[in-house]
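As structure tokens, the structure follows; a few thoughts come after it.
Chain naming follows the written order as A, B and C, and within any one chain the residues start at number 1.
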Amino acid sequence: MRRFVISLVAAIVVVLAVGGAVVAGSGGGSSITRARLERSLPTTFSNLYADQAVLLGHPGVTPASLHATAMCDKGGAVEPDVGAGSNWNCLVSWTDPDNPMPPEGYGKFELQVHSNGCWTAGGPSKLVGFATLTDTKGREVTNPVSEFDGCFDPHGDSSPTGVEFPSLLGVTTTALRPDRDGRVSVQATCGTGSDGCRGTITATAGSTDLGTVPIDVDEEQTGTFSFDTPVPTAAAEVTFTVRLTRGVGPSKPVTLEMPA
Amino acid sequence: MTASTLASPRPSNTCARKEAGLGSAILWETRKLRAQLRSRALLVGTLLAPVAVVLVVGAQSRPPKDSLFGRFSTENGFAMSLLVLGFASQWILPLVTAIVAGDAFASEDQHGTWKTVLTRSVSRSRLFWAKVLVSVVFGLVALVVLAAATIGASLLIVGRQPLTGLSGQLIEPGAALGLVAASWATMAPPLIAFTCLALLFSVWSRNAAVGIAAPVVIGMVMQLVGSLGGIEAIRPYLLTTPFEAWHGLLAEPRFTGPILDGVLSSAVWSGASLVAAFLVLRHRDITGG
Amino acid sequence: MTLTTDADPAVDVVGVTKRYGPLVAVDDVSLRVAPGEVYGILGPNGAGKTTLLRMLFGLIRPDSGTIAVFGRSWSRDDVRTLDGVAGFIESPKFYPYLTGRQNLEGLRLLDGSGLPDRLEEVLDVVDLTGREDDKVGGYSYGMRQRLGVAASLLRSPRLLVLDEPANGLDPGGIRDMRALVKRLADGGLTVLLSSHHMDEVEEICDNVTIMNRGSVAFHGTIDDLRAMAPDPGHLLRTGDDRQAVAIGRARHPGVVVEPAPDGGLVATGSERDLSAYVADLVRAEVPLLAFTPTRTPLEALFFMLTDARPDDVRLRGKEAVR
């Protein structure tokens, strides 16, 4: 029993010491990098998307015809894009005449990346469909691109791919809550992308201009924008118009009702 | 004791006597292993357990998606055998090999038989290498049985459909069978390293329970440490990393770097364990028994 | 390869020392066993006999000193030192999940080639024929002891080393074991025997080394030992101990009369003096209840040399009476 305890303690100490030394010596270097994901994900996605096209009976879709590219990011602007985690997001763009990209030009995939270089990706259902689909023979089958696994070579090419996509800014407030003086504020989130969101947001209530506020939000961050001019009591709704110099805003102005 | 005649000890010519060779020592160790219930039960287990696992997993209405190849496992025999491979490499293989290797030296302490064998004409080093070889070969035999049972049961019960690889590519059944078998074969180097680790603990602790449990616990700790984020830099040095090197075989383009790394790190772990075990045994005073 | 000749002593131990931390288990012990002789190592438990024999078998490495067996030593010849040597240390141990025969067959594999197959023969010698296909796990202590002898004989040894061969055996087993050792020795085998029974060694050994606390307390032939032996002590029980002591002191200077540790008296002296003393007691009408020898002279010497514990004395005394 004494030997067992000694062995156990010795083993743990050795493992911790060696592990600590290695981690300290390498600065925590990981083989999981943005570039490797940006190469791995489009390859796997293209193969599986072509399979989906066969199931759906869409002719002419091959992995090569999709020209898929991806830009990946871990945890937004505040975290380096390296290492395992479930907070990786990848923006993937591809060409399918039957299924055009949205205005921002990409779809967002959420990835869980394991330390062994394997990952699980969940695709945007608006672009790739739901977990199951109905094939040409009318059978309910698993959608190969709704959720899928892949692995990359931990020694593979890790030079930057140069693929960049702008962030997508979305207004996240769904109901206005004016303060005592009738002033409103609105929240907007800047999505995954290369450089965050910059520009202005203007609010109008009927014919009253509530003002224009500058936007400067990093990717995967949320900003709150308050307008100094009170909303006239007669106004039933407020319209917010976003104009961005960096990033992509909503294509149409967002209109929110005033509470009764 | 009878008073029967005992042929008087002939004045044997000691020059004619030969020291027991490695072959004799291996034969002896093999006989002991074959006579032990646990080694036979283990081989039967490695043969039957995969069949049960394949039957149970195959009957699930929702495939186990959180493991690699799990999402295809209920409809694809190759994916099923790779799912079982992923599970076995994490939890089963270190245990299977440690059950025999962890006992190899400690059982002599348990039965007090060191003095029985070492007072014959066999040197400690011969006996050491015989135990090492028999344990390693047993581990490999268990791996082959486990692999054959898993692949056989998966293909018979689930079927031989084209397999979706780790780059989304479609692999025809003929090629898939080869890749699945090769994936199982990549378990051999880390399995041998775990065998050597179990042998070291068996020599050092003189206790079969430690010899069996310690490698399994170390395997679990390494598995855990290897899966933590932020310290991926130590993965190449862990003995559990080679268990995942097969992923490269199922990707397109195929990559074998991790397999070569795995062979190297397994060799280093095996070598270090064996050298340490040899030194401990060589310098040990046999006072018990 | 070392050629051995008959001129080499069977065992040649020179200045062997073994320490375990502060404890010196064997302290600068030398002894030499000639081919063909029966040599006894005698000592109480913990005297270092077993450690010495383990070193002979290479199970323990000496800190200093050399051990040669038929001219071969561990440092030069490694396991070939054991060519021609067989025996067991403490109680022999076997694999309980194998049968007696499987154990012996396996050990034969480890003996190397060039030995005749004497399996049936040795099973017969130790009277295990008929039980050889039972698992050793079901053997009695005595059967295992006999299997240990069989395993030793299997090696056709020139030197047989037996560590406390009678230990743990019932009186019948002890008698059989001694008879066997005697028979083997008469056949020309060199025997090195350790024991804590003086009578066992006295019965069969030519030369003897008495060890105490790791060092040699006596070295020589049994005859040398006899010459050194003190007068026998006798346990005396009387109805009037005080008068018995007084008579001894007053009239019998050749007899020492002392109180015994567990009651009664112990009278020590030559046979002649003692009978005169006892006759005197009878004349003085001291009631005489018992007069028995406490131990044999050699035993007395053994306890003197090894300062064995009183418990042992009492136990051995009773055995001697029986």
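We adopt the following convention: a contact is a pair of C-beta atoms (placed from the backbone, for glycine too) under 8 Å apart; a residue touches a chain by one contact, two chains touch by 3 or more.
Not measured: the values here are computed from a predicted model.
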Common touching chains of chain C and chain A
B
On a CA-centroid basis, which chain has its centre farthest from chain A's?
C
Going by C-alpha centres, which chain would you call the most central?
B
Where chain A and chain C are represented by their mean Cα positions, the distance between them in whole Å
86
Could you work out how far the Cα centre of chain A sits from that of chain B, in whole Å?
43
Rounded to the nearest Å, the gap separating the Cα centres of chain B and chain C is 48
Interfacial residue positions of chain B with respect to chain A in the complex
65-66, 68-69, 71, 164, 166-170, 201, 204-207, 209-210, 214, 217-218, 221-222, 225-235, 237, 241, 244, 247-248, 250-252, 255, 257-258
Contacting residues of chain B [partner chain C, same complex]:
1-4, 6-12, 14-21, 24-25, 27-28, 31-32, 35-37, 111-124, 127, 283, 285-287, 289
Touching chain B in the complex: which residues of chain C?
1, 3-4, 51, 54, 57-61, 70, 78-80, 82-90, 92-98, 102, 106-107, 109-115, 118, 121, 124-127, 146, 151, 153, 155-158, 176-177, 179-180, 183-184, 187-189
Inside the complex, what are the residues of chain A that reach chain B?
3-4, 7-8, 11-12, 15, 18-19, 22-23, 25-32, 40, 43-48, 51, 83-85, 114-118, 120, 142, 144, 147-156
